[in-house]
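Each structure below appears as structure tokens.
Each of the next two complexes has chain A plus one more chain, namely chain B in the first and chain C in the second.
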Partner chain A sequence: MFPLRRSLILGIVCATVLTCAAQVRVPATVQAGSGTTVQASGSGSTMLYLFGPGGALKREVQRGNIEISGQELKVAGRYTVIVDGDSASFFVTAAPLQKIAFVAHPSRVPAAASRAVQGSAFLFDGFQNLVLTPIPVTFRLAVEGDNGEERRTSSRDGVAWVQLNSGRRSGPAHFVVTSGAIQVRRIVQQVAADPCSIRMSALRAPDGNILVETAPVQDCSGNAVPDGTIVTFTSVDAAGRSAVDARIKRGIARAELPASRSATLSVAAGVVLGNEIHWGGGQ
Partner chain B sequence: MNKLLPVLLIILAAALIAAATIHSSSLVPATTPEGAVRALLNQVKARDAVGAYQYVATASNTAPDDFKRDVFGQESNLRTYSSLQLFDTKVLREDDQEASVRANLEWASAVGAVRDTRDLKVVREDNSWKVIWPVQSRPKVPPQVIPVNYLRWDIVTRGLDDDWGAQNVDAPRVRIISMNPVEKDGDFILLGEIENEDTVPGFVSVAATLIGKDGQVIAQEESFDKISHVLLPKEISPFRIDFPNVSRDRIKSVHMQPNAMLVPASADPVMGVMHQALNKDARGHSVLKGELMNQSGQTVNIPHVLATFYDSAGKVIWVSDGYVDQSLAPMTPVAFSIGVRDDLASQIHSYRVTVNQYTRDRVQ
Partner chain C sequence: MIGRIGIRPNFWLFPVSLIVILGLASVSPAGLPGAHVAAARPPVQLSSFDIASAVPRPVEETTALSVQRDYAHAWQSLISALESNRADLLNEDFTGGARQQWAEAISLQQRNRLSRRIEDHGHHVRVTFYSPDGSAMEATDTADFDIQYYEGTRILFSEHVRTRYLVLLTPGENSWKLRILQEVPAS
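Moving on to the complex of A and B:
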């Protein structure tokens, strides 16, 4: 008799508790910023707790359909909702792509360099959430008026990246990443590579000194080596060695070396050597 | 009596002021050639140009102002920031009327000790010995306009309010193109060359870390002033890093760290290094001599000469440097001389001289 009575009392208490605790139902995923409805069984007012990566909130709500606004679900990630001791979780996923953060490197690159330009695109929605679903992305690097190079790829975990060859022409190259209607541009300065061959000529100045001058200094792709680049002219004769570190100006470097009856003249820029002239003994 | 006392006090005060301000301009005449040189140098050490000039022989044909400029500097050259610290003298030759005295001078300067050796001729004049102090007259640069239209690089960097990912300008690409470790007098020394491979100027330095056989760091040093810090595009500078009192046996590896920073710079002045030749100085030591020629229109106040010496295989075997204590006026040659290790002189096959410069009133 006694065990039957105890079981009956326990059953009545459990039934009472079950009718008081709400059943919470949430959708599996929600798009960031779009809002959702949480279903809590029962009636009357109760307290709702919501916490996730964007913050936490506590609000008195009426049981039934509880609206959570898009403003409260802007940050992507796992959210948990608790009503009357019952909890449920859902994921907020990124909204459609709205912004690309584009990191391009380097800012200057020698012309015709293999795999020298890197670009990484980070894809974000309007709420700064990485868009993790794969999205087609196109990278393009070109100097104006040139075909340039284009590469199509797909983002992975919110990031797309590429390594491209620099073009053969020097100048400001537009490095553009495009995905859907979103486009971001960076400028990569394509600069002349090392001088390809330096040709020097020499003539006697009115005061007897030796005037040396290069032909226009170019790299192997035909780009003019930038002004300000150092070109070293050297003269070796019986009196010793004389050298002038001249700067390229308007594509040409020139210098004045001391007068000599017989000297060996040479020219170099960095580690690239040019021609040699035997002054006074025939060229 | 009441009137007499103030008058007496005024006369006494005037006499004391006069005694304090007026001192005898005549110094003790030198009775020996070496004494004359020492007396002159002592006055230079005391920075008394008038006193020092009293030991300069009339036969020098040197005006007091020229002497003062020669000894105490002009145009903000290195001598302006120097003072004579030490000297020693040695009589090389002497007779009744004429003598030759060698003076080894050590100047304390803004860039460290600068040593100089002068063989001075001393003559008897007016019953005392006086020093012939010739001052090389510098040609006057005629008034003229020298057009300077060299490049200048300025930099615009990204702002604080730029988006994340917005592009900045990269530091210049630099590369160590040669490196040679040597040991000398118990010191470990790293020699080499660094090139600015980029198309923009850079402020460069080279740091090195020595790792011991136990994997621990033994020492870290930088190239300090044994390098041209501002390198224009395709410019090559030697560097030398000294590790005092570090034996090569203790070192397992060396970690080299070239650093480069994008800086605003100007492509001028252009300086020629003319008539370079290896010679011997008065003491028989090997030196590299030549002339610096400033080919721009602005006076270079403090030139700094760096020399790289190569063996027959093209390997850097030594790097030495020296400051020139004269300023470089436009288109006016100025001689320089820097020391070369005597034990290496026979191995030197070729050399290259570059010039650093400091110009007053110039930002870059």
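Moving on to the complex of A and C:
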């Protein structure tokens, strides 16, 4: 009799004067986008508050099992539930990988350059949360028809990165990152590196000038140096020095140097020197 | 008549006025929409900023200084925004997903007459990743807060939390911006 009366009195006091704390229970973690159930002890209606990184919710609920929808738990982070002055916290963790943000650098790279191509992959679920559990990630860089280079790694805190050597062949290289079923591709243009060596030949033109012409200019991997690359031909004779800049066209650079009885001809592109020809005194 | 009432010294009103003023002063800032005192708060402090373990690229000293300044400012903005329910305060320091999610949180707070007052007790930041091209920086931040949750002027709940964030920053035109601010369980 007495306990019942005491409960009744307490109930009336709770209802009229005080806010009696309900015990709130929540799971420790919830996957983003999945709903969960909050347990609030007692019965009757009350107000539930939910504060999180992606929202703030206020709802009249019935004590007991209170459903929170997945739509309200999309953003990863800590959520605090408050019911009748009592609170509990839980973490929303990222859902499975859905999207990779892939940053490749640079977009144009010389062939056969050491650790010249870098890629950073940021792993996201479908709600823009970083997926923090380590996930195997594969990076691959290859020009079509070439083996290329592949590197397997594991993400850490939602990020995976790689530094790769560029391939020996020039051309558009496919830089691909793969994790599970998700694949993202970038194109890195591999271009010939500096010329490896330049071979030049010389002929006398009908007007007496000296026609100079290179053999196809290639880098050390055998890639044709891009058209437009400047090659400098120089002639030094008793009258002085003459230099002509010519652009490589279809892999070959040509120029016409002033006529001379005896001259030393040389060729260079950037820091690479080619052969020398002693003109007039026997080549 | 009106003039006389205005000039006449009503001494009995002074204690009442004093009580009203003191009462208003003690009301939480959350109770005064739009009149929050975040600006009067001390600036957010980074207790430590460790760049020693950044890979694959080391963080230059000048970059570290900029990031520290901008990251602390971003927290200042977020705290003010959550307290005053003004998402526009995020525009300067937040971008991408972080700006979107916190703006949504603020919008829902406003709709439900809720707010959060955060007292910041410092951050320990450790940069873990700095991309080779300098376009992204990831860090972990262990922070201490006192958080008060409000409905109107009523405090719903207060708590002290020591929490860990995963942070992704990207350079903007003039400053580093917070792109991801994801709270994670303490490891």
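Operating definition for what follows: the second predicted complex is superposed on the first by the 264 of 283 C-alpha atoms of A that agree within 3 Å, B and C clash if a C-alpha of one lies under 4 Å from a C-alpha of the other, contacts with A are read in each partner's own complex, and residues count from 1 in each chain.
Heads up, the rule we're going with is that a residue touches a chain if its C-beta (ideal position, glycine included) is under 8 Å from a C-beta of that chain, and two chains touch if they have at least 3 such contacts.
Values in this document were obtained by computation on a predicted structure and should not be read as measured data.
Considered on the superposed chain A, chain B and chain C are sterically compatible, since they fit side by side.
On the chain A superposition, the C-alpha centres give an angle at chain A of 100° between chain B and chain C, rounded to a multiple of 10. After overlaying the two complexes on the shared chain, residue contacts for A:Ala255 are found with chain B alone; chain C is out of touch. Using the contact criterion defined above for the overlaid structures, shared-chain residue A:Val103 touches chain B and also reaches chain C. Of the two partner chains placed by the overlay, only chain B lies in contact with A:Pro226; chain C stays clear of it. Contacts of A:Arg247 after superposition on the shared chain: chain B is touched, whereas chain C is not.
By the touch criterion defined above, A:Gly270 reaches chain B but does not reach chain C.
By the touch criterion stated above, A:Phe122 is placed in contact with chain B and with chain C alike. For the pair chain B and chain C, the least inter-chain C-alpha distance in the overlaid model is 9 Å. Shared interface residues of chain A, touching chain B in one complex and chain C in the other, are 103, 105-106, 122. Taken in their complex, chain A has these residues touching chain C: 29, 49, 51-58, 75-78, 80, 82, 85, 87, 91, 93, 103, 105-106, 118, 120, 122, 128-130, 132, 156-159, 161, 163. Looking at the complex, you find that chain B touches chain A at residues 149-151, 153, 163-165, 167-170, 177, 195, 197-201, 232-236, 267-268, 270-277, 290, 295, 351-354. Note for the complex: chain C touches chain A at residues 56, 96-97, 100-102, 104-105, 108-109, 112-114, 116, 128-129, 131-133, 135-136, 138, 140, 147, 149, 151, 156-157, 159, 161, 163, 166, 168, 180-185.
Chain A contributes residues 101-108, 122, 186-187, 191-192, 194-195, 226-231, 239-247, 249, 255-258, 269-271 to its touches with chain B in the complex.
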